[in-house]
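One chain, chain A, appears in both complexes that follow, with chain B as partner in the first and chain C in the second.
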Partner chain A sequence: MAETVETQTAGLSAPHVLEYPYTRSVGPVIGRFLGGLRDRKIEGIRTKDGRVLVPPAEYDPVTSEALSEFVEVGQAGVVKTWAWVSEPRPKHPLDRPFAWALIQLDGADTALLHAIDAGDESKMSTGMRVQVRWREETVGMITDIECFEPEAAS
Partner chain B sequence: MSEPVVGFGAPIRLEYNYTPGSASSRYLRSIAEGRIVGQRCPNCEKVYVPPRGSCPTCAVPTAEEVELAHTGTITTFCVVNLSFYKEIEPPYVCASILLDGADIALFHLIQEVPEGREVTMGMRVEAVWVDESELAPTLESIKYFRPTGEPDASYDSYKEHL
Partner chain C sequence: MREVAVVSFAQAPNVRRDTEHNEVEILSPVVREAMERSGIPKADIGFTCSGSSDYLAGQPFSFVTALDAVGAWPPIRESHVEMDGAWALYEAWVRLQHGDIDSALVYAYGKSSPGDIREILSLQLDPYYLAPLWPDAVDVAALQARALLDATDFTERDFAAVAARNRSNAKSNPNSQLAGDFDADELLSSDYLVSPLRKHDCPPISDGAAVIVMAAGDLARDVCERPAWISGIDHRIEAHGLGVRDLTTSPSTTLAAEKAGMNGNIDIAELHAPFTHQELILREALGLSESVSINPSGGALAANPVMVTGLIRIGEAAQRLIDGDAKTALAHATSGPCLQQNLVCMMRAA
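Here is the complex of A and B:
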């Protein structure tokens, strides 16, 4: 009987999932950037002082003017800073240990946040060169870049 | 130039493990038996459903359990025009339902509203349960509430519960 009472008074517990089905409108500039990714090219935008922002911004961060001069940049670049993820979470881009990194692509003046599939933390260093690994099927999202990989790997 | 992207689906998903506590667990277990059980405050005598184990007004434990009727009165409602659940075609009505004997309204779906009849405050409704074999410790064991056809309850009978 004691066991029954125990069971009767024990609290319940259940998974509870909240999901908000948002659609995100990206605007004309990021829209063009994502459209470029679908065609496997990476475009930045030129500011009034001549710098190239990747990913592109709609307005000049210095003068606040609207920007419109798109510039295609390289598909490889330099790691500016990085953090190693030894235990990837379910929603992470890779299912094995990887690095989050800020990557300055050739021809760009700012860095893009993405994942690097380096295999091991010892392979990572600030200043290392990495290149894009495209997803087999591209749809116009940042994940069309599956990840970056050390340039020597090719 | 590439065809620009206009937008994309960006769902935000939060995965919780919900532990309702002892009072709500007892309530949910009663639902799994096809019963609705609330708790009465020993001080103000209000009957809470779902029970939370204490009275928020009097700050005392609510130990006494009260079995409630499966009928009640719509105190207020809204018409839902957006599709949230594929199973239910909008427009549909969600309502606060004051069960007979309770002092707190439950929020639930209203269905089977007769053709030509609009949901109103004061409308009398009854719970429609899932099949006995499908009863589970979740309020989804009550599929929805439907009008009983009784005359509307008077405003005075539920005005304290809005």
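Here is the complex of A and C:
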């Protein structure tokens, strides 16, 4: 009985895969940033009032001025806010519980969104320091940063 | 500015998964209902504008198919925004300012159920810096929620209280999906979905559609006893990068409200806040006092048909003016991650 009802209300369905196979050009600023990642280097861009945007933008988000002065920043920084994912989804960058975070790298004035491999939620706090973990093979994508990890005690 | 009003509103019941009807079939009876209530013959409608997303339909140019619900023969003047229907209403309002037409039909539709809505919303993020990492809609909202907890005195219990109040309000809304009496402390005992957000902090997944008919000046007075006059409407956007913004405030909402001519004198506010903490941010940004009735419909936490939710806020607020239950109303709609873009529509009776 339950099965009959289920069949009647479920309707017809079929799998459908949708793709938009466009190729995009990344331009002079994002392109240089991604190229830097391939060389294991993180570059931001300086605004006229002296702030360093990481990740860099082609235009100042406040004044809309075109930007071009690149600045290399540190590979460690401070967690500005974070969220704990106890059950990662298939497309997430890590296959075990991890944190998303906005991370302000040393020398930067804005924050970069990435994952932190911290092991357990109790290890996370706003203001904690984290450092980059590079992927073994870098190709010029944001995923060249495999994730961040709590900074090693020095 | 030319006087323009909402003269009728209709919506489909919001449901978790409508497997029986396609978008046109969901939309058709809602269009008919709104047209009948407006008293304006369909052939007299001067402009038609819709809001929807191909990413939900899984089909390029899906909005063209949806025109079957309104009928495009003989030819009509028509436009579409790949945004929430609230922005389609904005375009229709601008079009009515031209002065050569007197009425407009605005509709929005969306089925969130066929795909994975959390992942689909990842695709609205920056394609180079964010999308390859696949942070989803709940993930980025959780980053904003933590920032708010860190920066203010708000607690997770305040978030739960927002959920409980909206779901309680939704009891009087026959089209809502999540309604009932919930205790904030009991809600708090549930597990995190993405910490610091629990399931009740997030919107339900909904399929739905909504339609609004607008009319200008004397036509609005002729067809409607109490038109919901739009006294001001404006929308503003914030910086593209999540890490550039102060996620704990909504300056674009404040600015849009100022440009829309908001003053403190409001009976009701319908806020498009899909996540509980976002209602708290919006209340601050709009400076809403305790006397304002917020989301009498139950808001986005009671039903969230993506691409429709914002238009429903305008419709729910307008309906209360049309019914004579309120004199002044504010409706808000949002688009993008973490309240990136915000629209404010101020309405008054008479």
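In this text, the second predicted complex is superposed on the first by the 138 of 154 C-alpha atoms of A that agree within 3 Å, B and C clash if a C-alpha of one lies under 4 Å from a C-alpha of the other, contacts with A are read in each partner's own complex, and residues count from 1 in each chain.
Here is the rule we use: contacts are C-beta pairs under 8 Å (C-beta built on N, C-alpha and C of every residue); 3 or more make two chains touch, one makes a residue touch a chain.
The shown structure was predicted, so the numbers you read here are calculated from the model rather than taken from an experiment.
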| item | value |
| --- | --- |
| Partner chain(s) touched by A:A14 [first = chain B, second = chain C, both, neither] | first |
| Which of chain B and chain C A:S122 touches, first, second, both or neither | neither |
| Contacts of A:L102 with chain B and chain C, given as first, second, both or neither | second |
| Partner chain in contact with A:R24 - chain B first, chain C second, else both or neither | both |
| Superposition-derived comparison: chain B or chain C, residues of chain A touched | C |
| Contacts of A:S64 with chain B and chain C, given as first, second, both or neither | neither |
| First, second, both or neither for A:R32, with chain B first and chain C second | first |
| First (chain B), second (chain C), both or neither touched by A:G140 | first |
| Which superposed partner A:R89 touches (first chain B, second chain C, both, neither) | second |
| Residues of chain A contacting chain B in one complex and chain C in the other | 9-11, 13, 16, 18, 20, 24, 26, 30, 34, 141 |
| In the complex with chain A, residue positions of chain B that touch it | 1-22, 24-26, 28-29, 137-138 |
| Partner chain A, residues of chain C touching it in the complex | 19-20, 58-60, 114, 118-119, 122, 127-130, 132-136, 139-140, 142-147, 150, 191-192, 194-197, 239-244, 247 |
| Chain B contact footprint on chain A (complex, rising order) | 8-26, 28, 30-32, 34-36, 38-39, 41, 140-141 |
| Partner chain C, residues of chain A touching it in the complex | 9-11, 13, 16, 18, 20, 24, 26, 30, 34, 53-55, 57, 61-62, 80-86, 89, 91-93, 100-102, 104, 110-115, 121, 126, 141-143 |
